[in-house]
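Structure first, commentary second.
Should a chain be cited, it is by its letter among A, B, C and D, assigned in written order, with residues numbered from 1 in that chain.
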Amino acid sequence: MISFESDYTTGAHPKILQRLMETNLEAASGYGTDVYCEKARNKIRKACGCPNADIYFLAGGTQTNAVVISSMLQNYEGVIAAETGHIHVHEAGAIEHTGHKVLALPEYQGKIKADELKRYLQGFYEDESQEHMVYPGMVYLSYPTEYGTLYKKEELEEIAGICREYKIPLFLDGARLGYGLMSRERDMELSDIARICDVFYIGGTKVGALCGEAVVFPQNNAPAHFFTMIKQNGALLAKGRLLGIQFDTLFTDGLYLEISEYAIEMAEQLKKVLKEKECSFYLESPTNQQFIILENSRMEKLKQHIIFSFWEKADDTHTVVRLVTSWSTRLEEIERLRELL
Amino acid sequence: MISFESDYTTGAHPKILQRLMETNLEAASGYGTDVYCEKARNKIRKACGCPNADIYFLAGGTQTNAVVISSMLQNYEGVIAAETGHIHVHEAGAIEHTGHKVLALPEYQGKIKADELKRYLQGFYEDESQEHMVYPGMVYLSYPTEYGTLYKKEELEEIAGICREYKIPLFLDGARLGYGLMSRERDMELSDIARICDVFYIGGTKVGALCGEAVVFPQNNAPAHFFTMIKQNGALLAKGRLLGIQFDTLFTDGLYLEISEYAIEMAEQLKKVLKEKECSFYLESPTNQQFIILENSRMEKLKQHIIFSFWEKADDTHTVVRLVTSWSTRLEEIERLRELL
Amino acid sequence: MISFESDYTTGAHPKILQRLMETNLEAASGYGTDVYCEKARNKIRKACGCPNADIYFLAGGTQTNAVVISSMLQNYEGVIAAETGHIHVHEAGAIEHTGHKVLALPEYQGKIKADELKRYLQGFYEDESQEHMVYPGMVYLSYPTEYGTLYKKEELEEIAGICREYKIPLFLDGARLGYGLMSRERDMELSDIARICDVFYIGGTKVGALCGEAVVFPQNNAPAHFFTMIKQNGALLAKGRLLGIQFDTLFTDGLYLEISEYAIEMAEQLKKVLKEKECSFYLESPTNQQFIILENSRMEKLKQHIIFSFWEKADDTHTVVRLVTSWSTRLEEIERLRELL
Amino acid sequence: MISFESDYTTGAHPKILQRLMETNLEAASGYGTDVYCEKARNKIRKACGCPNADIYFLAGGTQTNAVVISSMLQNYEGVIAAETGHIHVHEAGAIEHTGHKVLALPEYQGKIKADELKRYLQGFYEDESQEHMVYPGMVYLSYPTEYGTLYKKEELEEIAGICREYKIPLFLDGARLGYGLMSRERDMELSDIARICDVFYIGGTKVGALCGEAVVFPQNNAPAHFFTMIKQNGALLAKGRLLGIQFDTLFTDGLYLEISEYAIEMAEQLKKVLKEKECSFYLESPTNQQFIILENSRMEKLKQHIIFSFWEKADDTHTVVRLVTSWSTRLEEIERLRELL
């Protein structure tokens, strides 16, 4: 079976495994204090253009979101997100589990609009009963979004400006950051992200690592005792080397972007095939996730040969499905899909 | 520098890395639903003699403790632990972070006493103001304990009997389970643990894996929607295969016990050297952690060549330090220690 | 100044104060175990037609919502509410503070629709990624709603039927229950509420008491150790007598309904005046809260003589305001309002 | 039956009821924004000698402890308390329910020792694994303690000095503050408490009110949005007037201290009788709670005429019981006890 199910179906990029082998017998101190974590931090700082950035490595996206958000919010604050935001829908209530509300804004292909954010914040501070309500304490975005779409630089800067005006941090979930940075429609580099956001993370799990996300506080602005809050949330890996070695490898000789570019190239091939076969697109995604609408019987037939994700019911006879590429997608697989369609 | 700092300083047992390489390109579904997780579950079920056990893989010990404890307690309940229990002292309040109190009992070389547990439970239910207090809802033990010591089978059964009497589950933290199972003073096998406890975990991180703990509910007794609670706690690894492949390897051809036995053998050699050099033992540990009391200036000198853990101040001129062996400890390292002492 | 600001601006109904005086020197045991609480419970059981109901007295609405909801939900569950539901908007995130998500459904004049609830639940259980989402574990309604509107008996029964089908409890927030029960548009009695809902509360604070809400589990179905969870949430009043005496009084000789009926009568008078003066109604409310749209300059003028609540901006020149009646509203006050308009 | 069960068995001091009557029909805004709350705040500020104090009224002790502690701690911090501290033992885990650990120190008749506190804090900051532990973020004391004992001014100042040194606030639980202030062994006034502590509360429930505790942040140092956190914890009373009127009355013409002095006088009479009857005292308490050890059969006989509290088993044939006086204790009741003994 060929799988376009997600970008986390295969193992790690071979260079990562190779480095894990090479370093396996070296003794390293635990919890992210080892030399590989430090090397990785320095390379990421350089790639971000942020020499003073605080950088922490966690194992997965949901825990990263929960730790970052709960450690940066005050008790009386919640986090603003698109109603399709991962934290609002697909993390089993992990944010609420830390005691904070997700304040949902309308979404447009996975994105929020700056003017609606502004109106929301204005309205909140004009409301006479605001003291009985959850204070908006952070804005959460994903880049690319859960629908594969991208904020334009201008949009991101506008949102960041509103955040600054209201003195709340802007947090960018970069679980698939690489695919945004290498999309053909990109207009930002990593250093732009680091300049515009107050905190973000560079996703490893979905971009060629076995696991791992690198949280970046670009301006040396990590909350006090962030390390202890990682531990308290059960998100501190004893063998931190596992994360350090992987990110050190990903940020050596541009591997992170190379992996991302390859997956984008595969996604473009995939789109070409899908268009050629007159598949109907649910939306136009410029990254490695593609959403198409399939007639149900066609979907069932395809399922026998290809693995993909159910996304949602479109109507009684059609379904939205998702196909995803990654570092390990092969051109033959896309060819095979063409034949099957 | 030679390191006896902990059993999580080096990478993974070579066989694990080899299997990660061999399987790297296979597409696998995420979140623990892959074929390797399933294989690993079956092998663990067999090793435990529990054909119906529910088994889940998590990445680390603190998150495992927090997820298991919070998902098995009612809101009004707390968990009983030794006052030196890992959850009481060294997990940054992860249990309280989930809303539950740790109810501390006196410890004796890291162990609680069955009769004191009994007296505590009796006293609680005799107390007329019990409804204003935290209900004891679980007993947490570690095996080996944080001091490397072991409960005898008889002790464990007595504690389990009391738990049954009071209808609360017995949870055994097996972060270093292998070293208990292969200690020369062992009187239990894995199947005994599985028979006596209501839930326990088989530690991977400290027994040769890169990361990973296998939670076992021996009698098909996992709480409803345990999977979702793992997710909610940020403890669900997207590439569950990383855990599945490791535990599949550890439970193939007895590798888990083999690794443990080797580390125990190294610990015995270490003890011999330490005794020969007239080091004073803080307590008698039959597992892979050894605690000795060093005169401070001697400790400082040793530190220049050997890495070990500070444990606690013994008095103004002496310190308790910990030396630990693992799958990667080499006899030469112990020899070198002998020379240095 | 005349106040239509809310139904909790004045003290208690005189009969309540009188009983507090009469009983003041009697020694009573604490925490709701006194004879007045027991008398009140029996009278409420009778009024509800539920001889086995479990009844608990708490001090206020937000704490009651938080205690009831968090004690009836499993960790992995959230509570469904209208997007205008008090718990979603005006309780400062008290539900999320207990770790649970509020799952918002569209509202129609403060009410949810049974068919949308059904569709939501169906959709949830059809979603293949449901295990990564918050399980719907309860339905929360308010009666009357935050907009003064009422569910018809048929609507409530339909919602209850859906809840039973999905095995989740139906919780009715009755902070203003009396006004619903005595509305001219009512088609339910207290016994209907008790028959249809799994848990509800009878609001005292807004219906003539100094404070207090009576939580009713009609079928002897309080969660185990509910008392301790009240305590744990800081919601257990030491002098429980204060609540017992008030509810005993409210449920003696039908005082609760008498108070409610009086306030409804005043609300009808108020509506007549507002209509006569050609005020534009924001919506048609059959209970003691009335919402009208005022031109801003008219509103400002009125503010100098009358206290009412800002509700929300209607547009740049108009505002929605709320006027509320209670046991202490006097006809002269409404007359005075007529003159001012 | 005569009751020495507690200081919250009877209603309110008559002057409080009288004021509730007199003000009953006045419309007042809700949530503590009314004129009586404001008056009470000013009188308390004056009594404390703190013109800038922030003052909030809550309904009961456990909720006050939970709100104050959780709003002043960072996520990674816990609160230090005596192992007999109310928050550690008798609040059903309310502090842990907010996510924070109670860090227990040994107690001596309910008090902690300054030098042990110092040693604990020193030890914590010397511990190399401190980042894996709960940071001590506050010291909680009760005055009088749960055993009726009092800190000397010198002791309190020493503890406060240590807190300042470690930059953590000192919180004094004054649920029975009045009895400490009027004890014959007192060496502090309210203004001393206010000068020495960072936050404390003046208990109303146990000193003549129907309910209510006044939280005082003496130096205008309430946490930002403390109001919203009260609401979020379900601890905001809608009819805040109920608390305002009571505290306004208690702080008019010295009623609070007058009530306290009377109860202390009754406690001294009680002690005289108990001594005369050769009752064995569990400890020497200078406040309104007295602890004596009764032979079990004597206790059973006494129980038929007098209500008191079981405290704990002394041994197989003796029990520690507690007798408490209050504003409503009458000399005849103590005489009657003498006869019965």
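Rule of thumb we're sticking to: contacts are C-beta pairs under 8 Å (C-beta built on N, C-alpha and C of every residue); 3 or more make two chains touch, one makes a residue touch a chain.
Being a predicted model, the structure only gives us computed values, none of them experimental.
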In contact with chain A as well as chain C, sorted by label, we have B, D
When A-D and B-D are ranked by contacting C-beta pairs, first comes B-D
The chain whose C-alpha centroid lies farthest from that of chain D is chain A
Among B-C, A-C or C-D, the pair repeating the A-B interface (over half the contact pairs identical) is C-D
Here the gap between chain C and chain D, centre to centre from mean Cα coordinates and rounded to Å, is 33
Expressed in whole Å, how far the mean CA point of chain A lies from that of chain D is 50
Whole-angstrom distance, CA centroid of chain B to CA centroid of chain D, is 42
Within chain A, the set of residues that touch 2 or more other chains is 75-76, 91-93, 97, 99, 131-133, 228-229, 231-232
The residues of chain C that touch chain D in their complex are 1-3, 5-6, 8-12, 14, 17, 20-21, 23-30, 59-67, 91-94, 97, 205-206, 210-211, 228-229, 231-239, 241-242, 307, 328
Chain D partner, complex, touching residues on chain A are 70-71, 74-76, 99, 131-133, 135, 224-225, 227-229, 231-232
Per the touch rule above, chain C residues touching chain A in the complex are 75-76, 78, 89-93, 96-102, 104, 123, 126-129, 131-134, 310, 312-313
